[in-house]
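Next up: the structures, one after another.
Okay, so chain A shows up in both of these, paired with chain B first and chain C after.
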Partner chain A sequence: MASPPRLQRLTRQPMAAVGLGLVVALTLLAAVAPWIAPYDPLQVQLGPANSAPGLEFLLGTDAVGRDCLSRLLYGGRVSLPIGLLAVAVAVSLGTAMGAAAGFLGGWADTLIGWLTDLFLALPRLVLLLAVLAVASRVQHGRFLLVALVLGATGWMPVARIVRAQVMSTRGRPWVQAARGLGLPPSRILVRHVLPWALPPVMVHASLLVGTTILAEAALSFLGLGVPQPTPTWGNMIAEGMHRLDSWWLTVFPGLAITAAVAGFNLLGDGLRDALSREEETAA
Partner chain B sequence: MIRFTLRRLLTAIPLAWAVVTVSFLLLEAAPGDVSGVLVPQGASPALREAILTKWQLEAPMVTRYLTALGNLCSGDLGLSVVRERPVLDLIREALPATLALTGCALAVMVLLGLGIGSLQALRRGSWLDRSATITSVVLHAVPSFWLAMVLVLCFALWFPVLPASQATDPMAAYLPAWRQGLDRLAHLLLPALALGAANAALIARHHRSALLEVMDQDFIRTARSLGLGPWRVLTRHALRAAVLPTVTLLGVALPFLFSGSVVVERVFAWPGMGTLIFEGIEHQDTPVVLGCFLVYGLLVVVGGLLADLAAAALDPRIRLD
Partner chain C sequence: MSPTTHRQPLLEIEDLTVQFATADGPARAVDGLSLSIKPGEALALVGESGCGKTATALAIMDLLPAHATVSGTLRWDGAALDPRRQRGQGLAMIFQEPATALNPVLSVQTQVAEPLKVHRRLGRLAARQEVLRLLDLAGLPQPETLLGAFPHQLSGGQRQRVMIAMALACQPRLLLADEPTTALDASVRAGILDTLARLQRELGLAILLVSHDLGVVQRIADRVAVIYAGRIVELAPCQRLLEAPVHPYTRALLACLPDPFSDTPPAEPIPGQPPRATARPTGCAFHPRCPMAEPACLRLEPALEPMARAPHRLVACPLVHGEPA
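Moving on, here comes the complex of A and B:
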């Protein structure tokens, strides 16, 4: 293929480049947080409580005198990995469901279609609320639990995409040839059908990271995510709710969430454009 | 069309059953139980026994499940264990507040989304188009509860022009009717804006590209060549064709809107379904949670149905069967 490499095609679109930049920057900041954070994020009474942003505490301090900048940096170490892990779960689950529905057809398709509709019919947050409230006593491994639950409630669009792709691919000549060669169905599915579903799933996964970070933030905000004192962007906003006059408690974590979500959304849009252009040039 | 409506509503029945069963099992799996809330500390064994029997707390799980199902089928949502009031009454009080909030948010979504999207499509490539594109990327990424707090910060704290919590003023009952209406509207404004803004961005984006596509088509060129002004071409011909995907999108966006309303209601202490279900979950008030789940599920089904019917009304090519 004579077309330029994919990454280059992606960064050539200004919006996608901004998205990629945001994602990389925030990931790096979260990764090196222990080295660049000015203070210990859990240390109380570092300075006066509720002091406004200034030279000593760049983003101010919270009600018990913790440094907001350090907490913000460390918050990325919870919010971002939970988002990514949850999407990994959602994509795996959705791919399995969609592949089963599209490849097996018949009652499996009916059942999975019904399950998909069921999960889509409930507002996701309400479902999350119920599951996490039930598991409210689970304090150890809360991180994993939240990621799993977010993944388990986010797989439906992926399943739909994969199902549609599998249905359109399974009648293609190379699949029939593979059948004719007597390859086992599982091998046909994995080697000759599923790879065709990868591009749209990648696009959707990137967009899904955005919505998942938002959902995690909402859960943290409601007090059902990773609990205090571990900082997450969502529970930092919750802390600011009753002290709105200390606006810095609320504003900065929200900006961090917005930047992360916008980054992943722009990246997803860019991927979609890059891939659709590739299809155009291939056709 | 009537047959279509009936069939769609019929599909809601297995859905409702699954919703109830799943949420019942979830609540069963919850550690601890409501008896801790109901039985006062230091109650005599006899009193304890009486309370537990009254609320069927010691019956086997299957019995309670079947009772719950049977009651739901006859339209009886049971009593709230914590508030000792019929769940139906609680929902009846909370539902209008949530419907008003989501309804207004929907209006914000549609008006802002269609308005901005149309402007962008008409002035394609201008600074207005570009800045609106960037704004909608940002708005789409903003958590609604955070936007809610920022709005409160701006319009209730720094420039105190609008109320920041509850659905009405505590003194509203003493005001004349028209002032009461105004008071309700003022209370609705910030929550509806917070809830609708993110989705308005989504709609603006879709509408912009839909309108651009329509504007390229033959019938628009014909309308233009007939000498119709741009405004008339837009409102009479282009919008009607371009608005269809948006209507379908509204049906899809509804569950997200209800999700968002749970958090936004919390920020504004809004006395709606979100607050009701949140408190129900907190206190393990099974009947309340089951009832709310059911109502949310029904709202989504009915909303999707309405969106489909509206799409069919707008486009005679769509056949409902």
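Moving on, here comes the complex of A and C:
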């Protein structure tokens, strides 16, 4: 159960290693953005508007003369944390829901099953638009709001995975033995049942980060995400779409989103392979 | 403990019935079973697969699945038994498959310490000391070397001993042992049984042993209850039962035992199949397989009664009631 072999099993798969590399690189770039960004991302009229990538401005400038590279680096500081925070919300909420449904059974299971189906039946983007439009006056903490709303609309698959795992684990002999030892149900759930739901949830979570970053980009693109002038990859594309002749405005944030989504998806696939092989040897 | 309370049974089971809802209709696994266990006594429940032995043990622990309905009375120390309060306190259970009854991702120390932390509120250091003592008590030499081990690193016998240590952590007065040696090699079987017998002696632990193996039963049981189709058909002191079985089913069961010291092949298997729990025969459930069966056996359900000449032996068969025991 030591972690080094598990990590090795992950990095030995070339595609998973690429995914891990992309995720780590993007995270590092976003983390050190204030020190490596050549200019202030909010400073207008740094140079001529809409200048193509060149030596002075490596990725060019936008319509009001801001440096695109700096904005791209800073954008990662919004897009990535929103994605991760939203997934953390979705995983926590989904795990709580799924664990309650699978462990309690009965009416709790029925109720949560209904709620899951209800949320799944609603088109996510429409739901997001509705909530964010109603909350459009909230300007402070917009970042948190977007993350919360994205998380609150993404928990359903997690709940289903956790419920199924909990239901199959709660009948295992060691769970019966733990009940026979008189351990309280909460302890049995947390120590003897939930750990078995963790691997598939981890896999799903890493895949979810990709789709959530896309959803945030879509929201910012539609003007309902994090507002200007704060740069996010989504709202950078939104700005650039009116000037497709200035290709650098849309291509670079697009590439950043692609890299992040691809990175998390490859990492998720790799995790699935690494963890499933572990389950085979444990069985 | 005063002599009067000493005679009081630790656990009394009265008219226990366990019924499972199945696709073929209700299946009655245990059918009006009554039994009592005295403090410090080792009692064995013996019978073929599917006769209701395990269901009885699980009913005592309240560990049956949700589709089971249980009726009857359980008394603990003279008062109504609340399994949820007693389990992990006065009641503990060990299982047939120690390989799966231990959580594969927790170390030995963590698992044995868990009931200590929950029921006895021991701190980390005190718990560690107690874990070492319990592992030693369960017959694991050099327990320090096992603390960090995970179940897959242990042998079958070691796993069962860890299970025993976990059960002892609850300081039980009654240990339910469901086929504790069935999954083990013959070579470690005797060792586990000796450990159980030692614990019974040293700790005054009462043991309810569930087994299909009369050889296992013989090693530790004081009394034996033979169970057929969810009912006790014969209850007697262990030696007496093995030497002079009375009920036709007990006789047939003993006749199946191979004798390692004789060349004669093991005698007759019992003809026919045990009844399905969904379709219990009328009258005495054993009559379709019984060599002595008379027309009356189809109609009358025999009661478990003391034998005419040996009141400490109970048998549920009017045909053999008057026989010498």
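To be clear about the criterion, the second predicted complex is superposed on the first by the 278 of 283 C-alpha atoms of A that agree within 3 Å, B and C clash if a C-alpha of one lies under 4 Å from a C-alpha of the other, contacts with A are read in each partner's own complex, and residues count from 1 in each chain.
Throughout what follows, contacts are C-beta pairs under 8 Å (C-beta built on N, C-alpha and C of every residue); 3 or more make two chains touch, one makes a residue touch a chain.
Everything numeric in this text was worked out from a predicted model, so none of it was measured.
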| item | value |
| --- | --- |
| Superposed partners chain B and chain C on chain A - clash or fit | fit |
| Contacts of A:L55 with chain B and chain C, given as first, second, both or neither | neither |
| Which partner reaches more residues of chain A (counting touched residues only), chain B or chain C | B |
| Angular separation of chain B and chain C about chain A, which is computed from CA centres of the superposed model and rounded to the nearest 10 ° | 100 |
| First (chain B), second (chain C), both or neither touched by A:A262 | first |
| Touching partner for A:A130 - first (chain B), second (chain C), both, neither | first |
| Touching partner for A:P173 - first (chain B), second (chain C), both, neither | second |
| Contacts of A:L181 with chain B and chain C, given as first, second, both or neither | second |
| Least C-alpha distance (whole Å) that remains between chain C and chain B when both complexes are overlaid | 18 |
| Chain A residues contacted in one complex by chain B, in the other by chain C | none |
| In the complex with chain A, residue positions of chain B that touch it | 14-15, 18-19, 23, 26-27, 29-32, 137-138, 140-143, 145-147, 149-150, 152-153, 157, 255-256, 258-260, 262-263, 266-267, 277-278, 281-282, 289, 292-293, 296-297, 300-301 |
| Complex contacts: residues of chain A adjacent to chain B | 15, 114, 117-118, 120-126, 129-131, 133-134, 136-137, 210, 214, 217-218, 221-222, 234, 237, 240-241, 244-245, 247, 250-251, 253-254, 257-262, 265-266 |
| Touching residues on chain A, where the partner in the complex is chain C | 1, 105, 171-174, 176-184, 187, 191-192, 195, 282 |
| Complex interface listing, chain C residues touching chain A | 61, 63, 65-66, 84, 86-89, 92-93, 95, 97, 100-106, 114-115, 118-119, 150, 152, 163, 166-167, 169-170 |
